[in-house]
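The same chain A turns up in both complexes below, where it pairs with chain B and then with chain C.
Right after this comes the complex of A and B.
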């Protein structure tokens, strides 16, 4: 087990930020911590990294208790935090060299690792530039290079894509997958469910400091009662007709809202045609038909009663 | 030594902004060093004053021997100008600066002088004229001596008395001071001004340099990343300490080198050593100030404003621009709470140090220790604040 957190409790005066949170992360995983802003993701990460004291609980990394002075454990960890943490006074190369040098003593080894890190985030052409001369996306890449240059076994990404353009975001996500395939275990926190869904092998959904659901994305979605949602454009439909649609087998729910019929189905392939036939038989006119698979937002909605971005 | 190397890289990058102001301050320092701020007079030059000498005390249309002797003595120190003996013409000559004083010897002066009856010599001059006072002092000098000889040399006639007086006044005594090994070479006011302004240079370069670098290393996100790393906090702090100390030694060394080169002709080893120790202690106190600001200020503009306020207020109150002697006692009381006051005071005492002895060295030692005490106090205060902040950072 790379990370083992047991009953972590962290309070800020009277506010409980992390409430008896427990999780285990195995080697080679990309573990996503998904939750809205203020749900306790960053606090959990800061506790794991021993940047914060916590009230109770136990944190073990690589089978050993994590403490502020556990420098041997820290040697195996890399972190890319939400805020860009680089020196404005140093060039791209010098920044990576500084942070790599905090872990690696051998000059030649360090030099090679810095070059590798620059190559990895494709920032070599900017090696002599200062951070102020870089775009937001390049700055994020530099931030990542500074966190991973020493080739850590466990890399923590705390919302690394906040304020990043779509192109750089994809770049970062692909990079994280590459790091994972090269052997690093990843913890990835975000409030963007699409990102977590895209790259994480296992996900913990966090709300109010607790993990409310844990598993692979398929496992989480299986916790939902439906596996497809139909959205049918329609000018008008009566309440009786909606009630009749609800009676069709495998239809879990149906509702009419703002010119659209929303139907949740438990077995999708069979009953799309049944529904369309029903509409045709009743001469109910319809326009476009959209089919949606459930998202993590639906999972979050099921467990908390609110949307992820509410 | 990753942190140490980076510290110096940051100092180098910041050095341009420090260097621009540094040149300005060094220029100011040199300017002040070569302009005498005090009224110390190290040489004397006899001035020649234009005077009118009007004599009414004549015998057979000739000056009496006493008056003639006085006139002859005065002519050695003043230029005697001929003016028309008319009140209006004399006043015009005074107004147009043709003469600075007019002396009138009244009728019967010589006779009354030897009979011990006082008769005043009339003198006309501009009000509060320094030159008139100067002429008056020469007249007094001559007449006082003449009076002494007249009183005690009864057998001498007027001519002999005048001769004795002239002989007395023409004598000069050459004094030669033999050097003792403990007597130190006197340093000029220029040199002491330079060492005082060295304080401004140290204050500016060290507070700005150390403060700016510490501010960079104390950015919360950089602290966070450093704390995540496998480099221990104590190792990191030790490297920062080495960085700060090496920068302070560089600034101090540069300042001392400039001082020694500029004043190589007045080089006195004991005094230079004392000036150096005082400057080094002050440099370390500057380090503590820079450390305090750099550790607690986050914003660059706030930092620059704070540094300007601290440096200017300290130097003005501390007696760098205005000599301490000219300050009111209240301001001096306030100034005593600034390290630069003690630094300047120690410099002044080192300047006045003539003999190497404990009587002279102990007060200087106390003043240098007071400068150090400021540094220690500020360091202690900074560490207390850091400790409080560290525990807050970990619990929040």
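Right after this comes the complex of A and C.
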């Protein structure tokens, strides 16, 4: 077990930011913490890193209790925090070199690692630039390079793609997968469900400081009753007709709203046709038809009754 | 590790334009401005001469004391190019004529009492009056002492030319003033090191900056890094002061105080005090950086104004404690005591005070930042 958090409770004065949160992360995972803003992701990370005091709970990293003076554990951790943390007075190269040098003594080894980190986030062309001269995306990439140059075994990314252009976002997501395949265990927090679905092997969905669902994305979606949703536009149906649609096999629910019919189905392959035939039989007109597979948004909706802001 | 942190700390500090400006350029610019102002004042005063005559009448001839006083000034004028009073003894008619022709600034006549006759009022006339007032004051002091104890002044004659030479009235006054200004700027410069201290703390605390959070994760003792940071800032500050002293003495021709070793001691202790003061403010006043900067600027600004203005005398009599912990004044007076006094008592006292303050600020800072986990970030 690389990370083990048991019953973490953290309060800021009277705000409970993390409420009895427990999780375990195994070596080689990309563990996603997905939750809306203010759900306690950053607070959890800061507790895991021993930056924050917490009311109660137990945190172990690499099988040992994490403490501020646990320097051997800290050596194995890299963190890329939500806020960019680089020196304005140092160039791209100097920033990475400075932070790397706080972990690595050997000068040649350090030099190679810094080059590798720059290569990794593709920032070599900007090595002599100062942070002020970088775009938001490049700055985030520099921030990442500063956090990972010492080749940590556990890397924590706290919302690394906020305010980043699509190109940088892709570099970042691909980069994280590469780090993972070269052996690092990853914790990745985000409020973007697509990102989490794209790269994470296991996901914990958090709300109000607690994990409300945990598992791989398939496992999470299996917790939903439906696995397909049809949206039929520009249509007009009566209450009775809706009730009849609900009786069609594998239809879980149907509702009519503002010219659109929403139908949730428990099996995705066969029954679209059945429904269309029913509409045809009744001479019900309809426009375009969209079909959607469930997302983590639906999982979030199911467990909290509200939408994950996206 | 040590060299690595030293190197980057050094680079960071010398590239920090705002701090370099305040600590380094600002005092230099002020010094140059003062220099320009003083250059424009000095020539006038150097050529200023006050000429007046004393009417040679019975009243004058019978007043031995006044006669002595006048003679000592005449003597001092002949022997000393710095003396500004040129006095002649003339008849009343001559004096009136000279005044009429503007050859003299006024004349003095003793009939029952001392009278000064002038045609207009101006600086010269005020200076004659000042001289006479001084005579009258000393004369009455002597009268008082003599009437109480007739033998007290047997061997002492207050009205000799010693008096004039000991209290020169013009040029050297001016030198005092400019030396005071220049060294108060050096004192101010020391205090700008507070910003180094503030920066060090901000960058090391997870609840004060994002870099602080990153520094909270490194596998090194935080206090080691802090100690290196302090040391580098202090060295840079000493470099800056050295440059400023060299600049003042070579470019502005300001007299360097001696012994130079004690000047360095004072500024070095003063800078250490400033760095610890800045870190103290950073650690104890948990506000945003702008507020902290404003506080430091106020301490420096107010401290400076108090030091160079007369508020200080009021403060010293009313609130001696406040006056003695004004950090700029501590450095400033330590330096100036080298100029005014031969013994080092004041300097020693101020160095001890500054060291104590350094210790106090550092101790509080240490106790505050020693904590490694934060309640809130």
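Going forward, the second predicted complex is superposed on the first by the 308 of 310 C-alpha atoms of A that agree within 3 Å, B and C clash if a C-alpha of one lies under 4 Å from a C-alpha of the other, contacts with A are read in each partner's own complex, and residues count from 1 in each chain.
By definition in this document, a contact is a pair of C-beta atoms (placed from the backbone, for glycine too) under 8 Å apart; a residue touches a chain by one contact, two chains touch by 3 or more.
The model shown is predicted, which means the values in this text are computed figures rather than measured ones.
With both complexes brought onto chain A, simultaneous placement of chain B and chain C is prevented by a clash.
Shared-chain residue A:77: touches chain B and chain C both. Contacts of A:193 after superposition: neither chain B nor chain C is touched.
In the superposition on chain A, A:5 contacts neither chain B nor chain C.
When both complexes are overlaid on chain A, the residue A:90 reaches chain B and chain C alike.
Only one segment of chain B in 25-33, 61-69, 79-87 or 151-159 runs into chain C in the superposed model, and that segment is 25-33.
In the superposition on chain A, chain A positions 12, 49, 51-53, 68-69, 71-72, 74-75, 77, 79, 81, 83-85, 87, 89-90, 94, 98-99, 101-103, 146-147 are in contact with chain B in one complex as well as with chain C in the other. Across the interface of their complex, chain A is touched by residues 1, 4-5, 8, 11-13, 15-16, 206, 209-211, 213-214, 216-220, 372-377 of chain C.
Within the complex formed with chain C, the chain A residues making contact are 12, 46, 49-53, 68-69, 71-72, 74-75, 77, 79, 81, 83-87, 89-90, 94, 97-99, 101-103, 105, 146-147. Of all residues in chain A, only 12, 49, 51-53, 68-69, 71-72, 74-75, 77, 79, 81, 83-85, 87-90, 94, 98-99, 101-103, 146-147 touch chain B in the complex they form. Those residues of chain B lying in contact with chain A across their complex are 2, 6, 9-10, 13-14, 216, 219, 221-222, 224-232, 394-396.
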